[in-house]
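In the two complexes below, chain A is the common chain; its partner is chain B in one and chain C in the other.
And now, the complex of A and B:
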């Protein structure tokens, strides 16, 4: 896992794998979902719990669908012409001999690609972060109460071995997630146990939670909350054991080298390719070189610095999707000098967000407004965009008696962007007359004992629904209380408890809005930007759409079923 | 009273040694200047040292000033576009030579002073002192220079004084060996015996009799060491051991911008060319000096 940290320029995968040691969890969302009081796992996730805002437009599985009007669409590769079938797609991804294959668990991005190739989740998100079923196995999920859900599966979906997907498989899948031996999503155990499931009929299961949580509903839409057949186990050498429901079934897999997946004829939806090869590369440069020389058709996750070389090539296309991944400068609200809200506000006014996007991300991102959960439907887009205002910052600092503040801002050397973010902030702070020193520490040291203890530091997150993120980072009980939010005397926790138990979306969003307002005005995060996802592919590869997304190459073509070759 | 060192009286000395002993420093320089390689070397070094010294004053932007989107070639108001962090490549280049030249020069100077002193003392005293000193030098030589620097820098952190100390320290034995090698035959010469007979102090004999007679090879070696020091310090910068984050430094620039080589080559190519020309320049100078010292190319019409 360690090497994983170095792999991406945009570190979308979890760092905390390192810390937690457990590795990222495929069932991310699930965990995150339960995030309320706990969960390590969610954070570990590689892929953000909220698997994403971006799915196909409801009801569409055909890749030929026009580039939808989803906000944030920057480019489309969807052609006007007819779809062609057949061919082999060669996908390059950074991987290593530590690669594993598990239907519900991942460590690195290569694992994520293979998970999504073979297995499908219970539900999924649509472009607005609402629950949808077009790329998943449930027909419907009914929220009877905040602590009771009924899942009904689609009829007649087949596993790769011909068996029909049923209620028993769903129950087995949940139990596998909370299996202490596997440690996939240990924190889920506070919401479900072996007795939580009642089989109503062959394809319907009632789930009674141990305590109310609407986040659980969203967790089932995570890409890692997949359904596996009863008795499924992690890959241990025999490709025939890797039974899922995806459009491509496993033919062979060599960790650190490649996996080959062939077309599953009885897939419940449509697909076009004959074969998919997922090929490992040691680093991103090798990956981009392979794409340039035509050895692969798709390069997953291209460094920002090399995006230009793909853009300028006539034979390659850049797929750039808006994402909700964010990097933040964290201020501890319970420690001087940031226990004074004026100092926090001054710091937020120092950040020149547009400059941050241009400097740190080479322009491949958009400005942030000190709030997270940007892809969540509850995100308050109407709050005024915060801009750099050095004079106001100076005045606030003066009021707080901190006009000559000297402080050290820490960043880890293993996460691209964070050292640059800290350095750029230190540079901008000079204008306000304060002295910020950017100190870059070795990653192991940075994410060690002192992580979450430092007064002024940096961090990064993938994105997840707002409440799940609060559970992971902004509660006294959060797994990673980086800012030690909320401050004493705040009613933030009560609001959270009400929201998590509120089934009505509108009412819940109202509560969330108040929580966001508090963080927007007084919070300890300086969120200057959100990062884009960037992939490169040959122009003849069709079917991926650039839209707000949490997973690369348009969510790996939802298991490649959307992708076709125009050869 | 000093015995006139520039007048060799012993006819039996061979031509090469004769030149080494007989050539006074100004003469050496003048002869070396006659060689084209020296002139080109000096021109290169003067150019790059000039850039390093004058550069920061003529740079259009500050070294860490934001000018536009990172990694772009065509940015209005800039010559060569922006680097990995949205800064002006040309300005960074102009700012980036000082530290490397300063560190390399000072560390070579340290190596030169201590190394020549140790070499001369060893050569003059012979016997036990010679053995102890030179074995100690051998021990230092046993450590690869770059490896030692990496260990020290990782332990203590990239401080300028540490870079200077390490590079200087590891340069000492190399210069000491050359000095001793050149000085041993000189010690055998009559004028040294004469000086001893006149009761001159050891210090005086070493500095007035020995040193001027080995200055030729010493200069060659010092120049060569300067070349290596530039290479090592640039290498350390490339490996990320710059004295401060985002410092303008040629070695560091190569490292920072190499990912974007295909998109914005200037950030990598410009400092790499500068380092290359600088080392080629110092290399040519030492080559010119060594040829003069060794007597090669002497007597050519142009010299």
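And now, the complex of A and C:
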């Protein structure tokens, strides 16, 4: 739970164990939501009756990449001279003395960068969000049944200490995720416990779930579902304890200052750099200044307002990836005035989404349609785009007897975008004759005891497949039930339970579709936009590709192995 | 009463002050919030919370915890950061060095500079030099540090010239003087921030002294002007100014969060800012006690110097 409050430049990520802890690994619905009508962007519709064949054999190149390049490096980034090896990459990221290092847990973005540098997950997503194994440690995962999976690890992968990655490590890694002492992914205990694992041979483990979940397969592709060696423990002063399988191994780490990672010679894949330094910055302005003055090579997460200054420099360039991250205004569906569906509908009609993208994101994003899971194949692209309609909103408010509504909308000061979103919404609401007051609280107070209790508030999420996000935020058992969805009398929970156990893709998608329809028409989220991820880097830094991504800087160059310096 | 007796008495008083401060700091850091709840998150099981509290000795009575902490502080074991398990001294030792160096360098430049400006403008009171400088000092004093710092960055590091680094680049384990280039902008910003206050105090004090009876007497006696200024006026004006300098030194040691942020300088100010919202009590306590110690020492020094330079007070001791 971070709260890196800045005096005048708030960071964007942080808070509530965001990506690893909260939802992605652990959430009630591990990643799920397969298939969809859409063919290209759909998540692989691997029903748990078959086997998810590796979409790419380990170590080979990504489709379209020349044979000499690393996975993920596209032709456009490789000059005539080919890839150059060697050199030190200096990466700047906003961090603090609260930084931690754990192979399976993060609080802030700096922690995320370090996790991805040192450790690799069981499986991973490819560019189309299908399950793949090119950036991960499994050779294959067989979905035997919705409650039974068999994971076979790649042969001969070495940890940084020379030990071979085996079945015992995989079992230890899972048990560590659900260790109540660590609290990394408490919600995962619904699906697995200490007796869920059977070692079939040195690199094969059978997992029997406590209850069926088609989503489990996708959870193993989360970047936090990493494999650590038996007896691994969180950093507590000694870099030698931080053993992973990543292309770079830890040399030193001082929270709030920097970590240094050196090339791991026995890495199972390819890598080019000699050393990676991940340097902490106290705020985003200093980060951008350091990039401009040449003191770092890569700046992770550039503020939207400063993207222009990087773009206009000849020596620097932006890496902008469409992402599914979203910010939301949350209305509690169980409390007045939002227990009346008409008031919720009116609020959603007040938001001028185009204006939000311009004002809040300086144009670096896409309009939202009050639905999440935009990178998931099941995303309902055919639902009509909701537009601002003040007259309709007024009529709905009048019907509900709330035409003179006065209400306070809360936002935290530690998350860039949310105060701006709340303020812009409050202004737009004036046109509908209601009085919304935007109140910005300090992050510590905002995410404290009253978080998820406020009637009208704001929040932010990274992107997850639909069913996974439902488990994290839209069920009575959700980790963060911000809107307290579903309303009384709804069959939403039954639909979820059916969907998560449904092996037939078409049938599951029908169930998902109905859930989405309910949220679209009556839900408590006002999702006006999806944010892009923006990083800045010197032009000589090569190997990062702008593509739909869950994580900054092309997934941190998948632990920097794809990155090289054209000096 | 001799000067040594006075020093010892003031030292004892300083220790007593720090003892009272330590109680206040300890009590206040205990109401920052529950670190365990923050560490484990909302979904933590009750018995896990209990176990973690026991691990951190939070289940013991507060008086016991206070003395355990005080003992650790005095024996060089100030505890472990709640957020990442790093020993506090390991986390902060570089920052202590960096902050002290930043303080020393900024003071070494700003103190003589401000004394000179203050004295000079007082002597040429209402002349053009005084008007220009006094106005400039007022403008600088009114400008927030981050504006000054951002201006300097834009001019000298990023947009116009690239002659100094935009950020400090002291690596962990390295001494702060290994990156003197990187010190230029933070030190310049702090000098510009501190000099107006001290300079204006010095000017006011000097003017008061120059109008005093004893300076007039000295002049009437026919003492050379140089002697009037250096033997009679300057030492007496220094007294009140030293008190302001002491306050500024304590501020430079730990209160310069904005300047540290702007230049990514790894000092104690940022560490304190990071630690408070996380209820990271061991870190907050250490830094608070450090700043309090600097404060006590700089005030002690200021008092002693005041006595030494002020003839009136000096003679009273003998």
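Methods note: the second predicted complex is superposed on the first by the 486 of 567 C-alpha atoms of A that agree within 3 Å, B and C clash if a C-alpha of one lies under 4 Å from a C-alpha of the other, contacts with A are read in each partner's own complex, and residues count from 1 in each chain.
To be clear about the criterion, a residue touches a chain if its C-beta (ideal position, glycine included) is under 8 Å from a C-beta of that chain, and two chains touch if they have at least 3 such contacts.
Please read all numbers here as calculations on a predicted model, not as lab measurements.
Aligning the shared chain A places chain B and chain C next to each other free of steric conflict. Of the two partner chains, chain C is the only one that A:295 touches; chain B does not reach it. When the two structures are aligned on the shared chain, A:237 is found in touch with chain C, with no touch to chain B.
In the superposed pair of complexes, A:304 makes contact with chain B only, with no contact to chain C. Counting the residues of chain A that each partner touches, chain B and chain C differ, and the larger count belongs to C.
Within the superposed three-chain model, A:344 lies out of touch with both chain B and chain C [touch as defined at top]. In the superposition on chain A, A:479 makes contact with chain C only, not with chain B. In the superposed model, A:363 makes contact with chain B only, not with chain C.
Of the two partner chains, chain B and chain C are each touched by A:285. In the superposition on chain A, contact is made by A:423 with chain B only, not with chain C. Nearest C-alpha atoms belonging to chain B and chain C sit 6 Å apart in the superposition, given in whole angstrom.
Applying the stated touch rule to the two superposed structures, the overlap between the chain B and chain C interfaces on chain A comprises residues 285.
In the complex of the two chains, the chain A residues touching chain C come out as 1-9, 16-17, 21, 96-101, 107, 180-181, 183, 186-187, 234-237, 252, 254-258, 280-283, 285-287, 289-290, 292-295, 442-444, 448, 479. Contact residues of chain C toward chain A in the complex are 33, 38-45, 48, 51-52, 81, 83-87, 90-92, 94, 146, 150, 153, 157-159, 162, 165-167, 169, 171-172, 257-258, 260-264, 266, 270-271, 273-275, 277-278, 280, 283.
Touching chain B in their complex are the following residues of chain A: 285, 303-309, 312, 355, 358-363, 419-420, 423-424, 427, 438, 440. Against chain A, in their complex, chain B makes its touches with residues 64, 66, 68-72, 84-86, 245-246, 259-260, 262-264.
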